[in-house]
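In the two assemblies presented below, chain A is common to both, partnered first by chain B and then by chain C.
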Partner chain A sequence: MITLTINGKEIRLDKPVTVLKAAQQAGIKIPTLCNHELLKPFGGCRLCVVEVERMPKLMTSCTLMAADGMVVRTESDTIADVRRAILEFLLINHPLDCPVCDKAGECELQDAVMQYGPPTGRFIEEKRKVRESHDDPILARNMERCIVCTRCVRMCEDVQGASAISMIERGGRTVMEPFSSRSFNCEYCGNCITACPVGSILSRLYMHSYRPWQMDKEVETICGYCGVGCSFVAQVRDESIKRVIPRIGFGMNNGLLCSKGRFGYGFIEDSGRLKTPLIRKGDALVESTWDDALDLVAEKLTEIKDSYGGRAIGGIASARCTNEDNYVFQKFMRVACGTNNIDSISRTGYAAAQKYFEGLLGQGINANIIGGIKRSDMVLVLGGDPASVNPVLGLSIRAAAKAGAEVAVIGHAPGLERYKTINVLPPLFKEADILEALLLEVFRARGNRGESHAIDRAVSEFDKEYSGKTDMHGLEELKDKLLKSDSISIVFGMDLVQRTDGHRALFATAGLTHLLEARLYLLSERPNEQGVIDAGCVPDMLPGGRPLGIPDFRRRYEDAWKRPIPDTEGMTLMEMIEGAKKGDMKALYIMGDNPVFNLPDRTFIKESLASLDFLVVQDIFLTETAELADVVLPALGWPEKSGTYTNLERRIQLLRKTVETTSGMDDWSIISRLSCRMGYDMLYTDAENVMDEISRVSPLYRNLSYKEISDKECLWPYNGEPLRGEAKDIKVIKEKSRDYDADLYLALDKPLFHSGSISQRSPGLMDISPEPRLKIGTRLAEKMCLKDGDNVIISADRGSISIRVSIDPCVNGKVVLMSNNFKEKGALGIMGYNLDPVTKAPGIEGCAVTLRRG
Partner chain B sequence: MLKEIEDIKAKYPDTRAALLPALYIAQKEFGWLSLDAMKAVANALNLPESDVRGTASFYSMFRLKPAGRNLIQLCTNISCMILGAERLRDLLKDRYGLLPGGTTEDGRFSLVIMECIGACGTAPAMLVNTDLYENLTEHNIAEILGKYK
Partner chain C sequence: MTFKELIKKIFFIEIIGGLALTLKHSLSPAVTRQYPEKRITPPPGARGLHALTRNESTGEAVCVGCGLCAAMCPTNCISIYTSEGEDHKKIVDRYEVNTLRCLFCALCVEACPYGAVLLTPHFEYSGYSRSEFIYTKDRLLENWDKYMGGAKSREYFDKFWTPKSADFARVDAKGSESGVNQ
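For the complex of A and B:
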């Protein structure tokens, strides 16, 4: 225990901290400029000087550790004189243009000068002139205002790990610049904006459009881009989000954001937003009223249900919708339409993986706190780039690496290129081979854990069956390091699920997770992929992950919903689409997703949907799928909704309505109105009311209220009961992997600046990344004499796309990467697929392509 | 150049420590440090590009603008100044069109005015590349520069 006195107040410390922190804990404010909560002490600005008894000189409190018996004074005439002198120096070159500076009102320099002076400067020399740089698409750089605290550079290097900017020159000429001195060409997390104490780094997105004290409201909410669910404060004026700011200590992102979160909210104000329901009249979709549209949907669905039975109706839910939306949706499908045909696009990745892992390792296996990654001594990253799919989770991996953890990457993860310590290079599309080999090596070295019988049996059986080779490049080193590590995190990306033999990688990963007692994290591209499952939007499970096949569980929900639930499992996503093509599926109800764009083989998907008797799409834009619909219903974007999301840690968080709109209706509200018209009353008053029902009915969420979710961390297993019970035996099928001998393959890229098809409607993200690029390796570029930005035509069996290339040294020579985020230029559209027989996820590997200049 | 950088890397505990010598090697190779040259150094040492540029811009001995084939570093500190260094500076301007910080049109010489090179007893003095010349006069300077093409 350390006891010290600050300003006459006795302070007891449990653990050693700096004098500055000790003062802050006691509520004593010491002015600082170069100090930042997320950064290491720097001692550069000297503003935090204090007097310490028996120390001859003033000391910088940010670097001085508190010691027992210390007597500190934070304010005195001497200290005020020194602070005034420091500020006078800082103002020698500062332009004092507060009236036109966006930072005015929340500027740390302004605050310090207001408190300590000087009222006038004594320096008569001319001030340094540096042109404000608008060379970057989104970050403005004003180096006249810069006080060289280096917080931005340290943030970029130590926290974000991007190292895109540095201090250039020295002495009075020092400025912060990105490498190119013009555009930042960085990850555009904008955490340098948060770090800057003055107005030197500003977002051009909202520059000169607000004053921090003139906001109408501030809403504490969460980001709806990916499965991390970062918290931020959205500042609103005239029902328009001006900017979002993260705060230290608020949410698990603790003051950090990524490019999508910080700059991606603009899509809600896109002019293409749907405003009224649309009904098909011949070839055209014409504007209609809610009553007419809902009457028509109710009538058609009832008709199809009566003539073909519920099995001819299917529903596709969305991981961008809230738990409340999805719960109401599955209830409507099961009870009002009489079908268990409910799934979501998450079947192509997260839902498939999650189900497999839970089946083998038990419910809640992926409920691990992101912060745990930082404390690992080894991180194994498989099949995806955390730094672009879930950027803020990626930061934890970088932090672990900086703290000395081993990082091994199997797959394409350019965002971890500088951080990986072990190089494993599996042949193209053969990550499963390496994982299986690794599993066996670990099993042979360590043996069974002997707790969970099903997985132990499966691994032993697999060991007997296995005949493949286990001597692959880097494998030995990886195995040794894994066996030496005490605390392992496995970060699993969905690239490995989107394989025809995706279950092999899943089995091997499950085995490794079990044998190594690792923490498992599933990368999640959309904000509520876990929530979709927990809300029951899967064909084989009721809400709370209760298997539909068990009559007791079914009865529980039948009692609550007062209607029978069909007892046969429904069709999965691709089965429904294929069913439509075959004519078994007559009507599809799609809520908040765009299968035509987001699933492989566009022509096939379009034909399938066109074969339906009736298609309803509920969305915020007239998407490629909505264009085919018979009825289109306008919904709300996430900043316009209230509800909850469950993130990839299975943390439930509140999404608060940030702006009001007249464009559409809450998804749950549309569905419940429709349900009433179909003779099954759903009379919810608001989203909270829906949550009350969920927490009453779902055993997972017992007594969970919005108040509780908002007041404290709402983590697995909440107040509920996870499903217990022995996992079923998994049949291990020994398979040989396919050979891939074409010259060139197309694979799906998950870019940092885009997500789904909403980011292309966000001006901020479009400024940063205005067009899709085909990423090609250095060798291929040389062979074809291609430079960055050259146009090519990429052709596959199912179509061609004209696109510009960008050269990426991390790309394997036999593959080119393309994203699926831009209209008419989505990779998935020209890729074929084969269903994985176990997970039912579409495998998209092995799409042979040719490339020519064009 | 990459081979040379690889060799010096071995002499230092980590790659960051090898940055200054690596920058020297690159400057020797290219005459000055372009963004591409700094990128090459960053790649060779596996350091962030921005770190390399930050370091290079801090030190005055690294040239971040295109420079001539030969670098003249002329001292104009007190001893040299008293003994006529300023006249030499004017001579370089009049005869070669060479301004401090500038380069001749034919790319043959660049001129930097440097601080004391410690040759006060034999002032005025200058360095051409790494060669030291002392007791300069308006006559012998032309002859000396004639040796550099």
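For the complex of A and C:
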């Protein structure tokens, strides 16, 4: 216990902190410019000087550790003189352009000068002139204003780990500049904007169109881009989000954001938003009224249900919709339409993996706090680049690496290039082989844990089948380090699920998680992939992860919903679409997703959806899928609705309505109106009302209210009860992996700046990354004499795309990478697929392509 | 009741005193001005209709859109919308004053670092609808042309509302924009 006195106030500290922190804890304000909560003490600006008894000179409180018995004064005439002098020096070069500077009003220098500054300056010399840089599409740099606190550089280096900027020149000419000189070539996290105390680095989105005090409202909400669910404050003026700011100590991102979160909110103001319902008349979709559209949907769905039965109707839910939307959707499908055919696009990744892992390892296996990664001494990264799929989770891995943890990457993760300590590059599409070998080695070295019958038995059986010696592919080092580490985090990306033998990688990962007692993190590309599963939008489970096949569980929901629920398991996503082609599926209801674009084999998906009798699409844009629909219903984007999202660590967080709109209706509201028309009344007043029902019905969300979710951290297992008891027996299908002998394959790239197809409607993100690029390896580029930016035509069996290349030295020579975000240039469109027999996820590996200049 | 009071009551002393005062004032010259028959010239610095200062050399408004006038306004009658111009400078798209709500307190004039907004002595304005009293940027600049400008405005700013930026003219004499900071 340390006791010190600051300004006559006695302060007790449990652990040693700096005098500045101690003062802040006691509510005493000490001015500072170079100190930042997320950064290490720097002692550069000298503004935080304090008087300490028995110390001859003034001390900088940000670097001075509090010691027992210290007597500190933070305000005195001497201190005020020093601060005034420092500020006068800073103002020699700082332009007095506050009236046109966007930072004015929240500028730390302005505040300090107001409190301590000199009333006038004495320097008559000319101020330094630096051209304001608008070379970058997103970040404006005004280095006249820079006070050289180096917070941006330290933020970029120490926290973001991007090391994209530095201070250049010396003395009074010192300014910050990106290594890429004029424009930034970085991750565009924008954390330097947060760090800058003055207006030197500013976002160019909505530049000069607001002042901090002119905002109409501030809404604490969460980001709807990926499964991390970062918290931020959205500031709104005239029903338009002007900017989002993360706050220190608020949400699990604690003051950090990624490019998508910070600059990606512009899509809600896109001119292509759907405003009224559309009904197909002949070949065209014509505008209609809500009543007509809903009547038509109700009538058609009833007709199909009566003539073909519920099994001919299917529903595709969305991981971009809230828990409330998805709950109402599955209830509508199960009760009003009488079918269990409910699934979501998450089946292609997260849902398949999550279900597999839970089946083997028990419910809640992936409910691990992201902060835990920082405390691991080893992080194993598989099947994707966490730094681009879930950037803020990626930062935790970087932080762990900085703290000395081993970071092992199996495969290609460009975002961790500088942080990985072990990198295993498996043969193309054969990650499963490596993981299985690793599992066997770990099992043989350590044996079973004997805690979970299902997985223990499965691993032993697996070992017996594989009696031979394993091929270690250079895994010895990784194995040794894994066995030595006490606290391991496994970060599992969804690339490994999108394989025809994806279950092999899943099994091996499950085995490793169990044997190594590791924390498992599933990367999640969409904001509510876990919520979709928990809300019951899966063909074999009711809300709360209760298996449909058990009559007692079913009865519980039947009692609550007062209608019978069909007892047979429904079809999964791809089965529904294949069923449509075969003619088994007559009607599909798609809420908030775009299967034509987001699933492999575009021509096949289009044909399948076209052969349906009736297709309803509920979305915010007229997507490729909506263009095929019979009825299109306009919904709301995430900044426009209230509800809850469950993130990849299974934290439930409140999404608050940020802007009002007249263009659409809440997804749950559309569905409940429809349900009333189909003879099953759903009378909800608002999203909170839906949550009240979920918390009453679903044993997982027991007694959960919005108040509780907003007041405290809402972590698994909430107040509810996870399903205990024996996990399912998972059959391990032993398969020999295929050989890949074509010259070149196409694989899916998940870029940092785009996600799904909404990001291409966000002007900010489009400025950063305006067009898709085909990433090719250096050797291939040399062979074909291609330079960065050259146009090529990539052809596969299912079509070809003209695209520009970018050369990435990390890309394997036999593969080219392409994203699936840009209209008409999506990689999935020309890829074929084969269903994984266990997870039912489409495997997209082994898409042979040819490349020619074009 | 004393004898003195009784005498006062009998001879209506107080009433006579009152009548005398009335008589005196009815014979002195009138204080009330017969507006609108007789018009007056408002004293210099009188707070009437708003105007935006026009830069005499460029012909544009001096206002940079800092929003301090709107922030200061006790009745929130000023609304300002700015955006990024072609050369990345801040431009004022809309500057509106709802004169029906205005108190004529002149806090906006005091807040303005550039002397860009002011209250002209003109106070006689009328209209047939509420919307006519919402003065847009163009109309405010017209007000400047009509009621201010030239020597009149110099007197106005010199005598009453010296803009704060003038304090910095000495510091930043080389011609760059000077500011409000301190």
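Just so we're on the same page, the second predicted complex is superposed on the first by the 847 of 854 C-alpha atoms of A that agree within 3 Å, B and C clash if a C-alpha of one lies under 4 Å from a C-alpha of the other, contacts with A are read in each partner's own complex, and residues count from 1 in each chain.
Just so we're on the same page, a contact is a pair of C-beta atoms (placed from the backbone, for glycine too) under 8 Å apart; a residue touches a chain by one contact, two chains touch by 3 or more.
Every value quoted in this text rests on a predicted model; they were computed, and no experiment measured them.
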Practice item. Kindly classify A:Arg170 by the partners it touches after superposition: chain B alone (first), chain C alone (second), both, or neither? Key: first
Exercise for review: Tell me which partner A:Ala104 touches in the superposition: chain B (first), chain C (second), both or neither.
Suggested key: second
Practice item. Considering only the touch criterion stated at the top, classify A:Glu607 as touching first (chain B), second (chain C), both, or neither. Key: neither
Practice item. May I ask you to decide whether A:Arg418 touches chain B, chain C, both, or neither, giving the answer as first, second, both or neither? Key: first
Point to revise | Partner, of chain C and chain B, that touches more residues belonging to chain A | key: C
Check your understanding: Touching A:Phe179 in the superposition: chain B (first), chain C (second), both, neither?
Key -> first
Review point. Which partner does A:Glu157 reach: the first (chain B), the second (chain C), both, or neither?
Key: first
Review point. Following superposition on chain A, which residues of chain A contact chain B and also contact chain C?
Key: none
**Study point:** Parts of chain B lying in touch with chain A, wherever the complex brings them together
**Key:** 35, 38, 46, 48-51, 53-54, 57-58
Point to revise | Residue ranges of chain A in contact with chain C within the complex | key: 91, 95-100, 104, 110, 113-114, 117-121, 123-124, 126-127, 132, 134, 140, 204, 207-211, 213-214
**Study point:** Residue ranges of chain A touching chain B (in the complex, touch as defined)
**Key:** 157, 163-170, 177-180, 418
Check your understanding: Which residues of chain C touch chain A in their complex?
Key -> 64-68, 70-71, 80-85, 88-91, 113-114, 167-168, 170-174, 176-182
